[in-house]
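Shown below is the structure under consideration.
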């Protein structure tokens, strides 16, 4: 099966619903559409934040995401995948990123969306800095995210770095 | 945490994106929004279908879904849950149902959405009939759906019927 | 006691609901299905394979062993296929 | 060889990128981090704990043991926190 895929990294806001709908619009083979939207929260831990700023590694970010989208398409029977990730300054309540997956059946759509999120969190070269009342702070990577990504490792598969 | 929940069973179409957005709009504690949309496909197995008709058990359908939404809220730290399920005749390309879950973190939003989908498939009193070229046929329940629902069984928990 | 039928159980029985007087000795949902199957050709057809039929008492899923004594509405239907 | 720094590695080094002549004997990414740490106070601070720093050669993740011989661009950064 050939799946359509879209990967965009941009500073501009995006319309998650409209982007997801492009995967199912005008066709009748999509039975399941999963959309994940990551939204900027107004707090980090117990502290309020005024905004977050996302730094990224241009070129590598696109390549890493495209590589994982291709892997998702090879693992699950998908019809379409869209990943959009913003960089720059984002205020609470605004969307940071989205993953949408379309398939004939829900299992593939859910699994691929979770797989992509786990890898985006741990392998895509983006770094979040939050504006707290006492200054700007880089967000710490979470061990739980590494563990979540680890569950998708294929037996015998070798990753270049952990 | 008190989570907001919405359960609707209706024959009218719904706007999945707008319904999902109600869970995150006007607040800054939602960091993850998962939307699942179930869409009527144009085929069932290898055969084309002209439409499907969903029969349901009024009263029981709402009660079953509300019970599972309450269970999801007790299991995961959710901020809001919306389930909308249509009944009646639905043509290929149109939405059948949706589940949206909002949480501070993605793990809870994904887990709750999958849990609700697995239970809706196997426990909510809805029955699909499809219009094939040679007549109307009731859709068979799938063993895979029962297996999917089984993975959420809490140890020591007793279901009234399997 | 009110009985309700859904999907192909409804189609085979030929009606969506009915009120019945259940004779004594019918204790469980399983007993009720056996008795219903004896009520005529359409019922025999609907309840030919009771293992695949699900039941609900007063809008809650129950097993065939469930007692019907306090039920006001019992529904029979095939495995669910919503979602 | 072009070096790029991101997030707090960039802030500590005080620049986003630079071209460097890597002396002989520097074979791996790990060797390169040790050498960079010796280049001054800001580098010593940035590379004080090389275990927490990730590296990419020509925009692909690599381990500290990776050879740098054929690299044209090497990037150093903290663990990723996107998504």
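Order as written gives the chain letters A, B, C and D; numbering starts at 1 within each chain.
Here, a residue touches a chain if its C-beta (ideal position, glycine included) is under 8 Å from a C-beta of that chain, and two chains touch if they have at least 3 such contacts.
On a predicted model such as this, the values are computed, not experimentally measured, just so you know.
Separation of chain B from chain C in touch steps, taking the shortest path, is 1. Mean C-alpha position of chain A lies 26 Å from that of chain D.
Each chain gets one centre point, the mean of its Cα atoms, and the points for chain B and chain D are 48 Å apart. Distance between chain centres (mean CA atoms), chain C to chain D: 71 Å. Among the residues of chain D, those touching two or more other chains are numbered 83.
Looking at chain A, residues 38, 106, 117 sit in touch with two or more other chains. Every pair of chains in contact is given here: A-B, A-D, B-C. Of all the residues in chain B, the ones that touch chain C in their complex are 38, 54-57, 59-61, 63-64, 85, 96-97, 117, 120-129, 138-141, 145, 159-162. Per the touch definition, chain C reaches chain B in the complex via residues 4, 6-8, 54-56, 59-63, 66, 75, 77-83. Every residue of chain A that touches chain B in the complex is listed here, in rising order: 16-18, 20-21, 24, 27-43, 92-93, 104, 106-107, 109-110, 113-114, 117, 144, 148.
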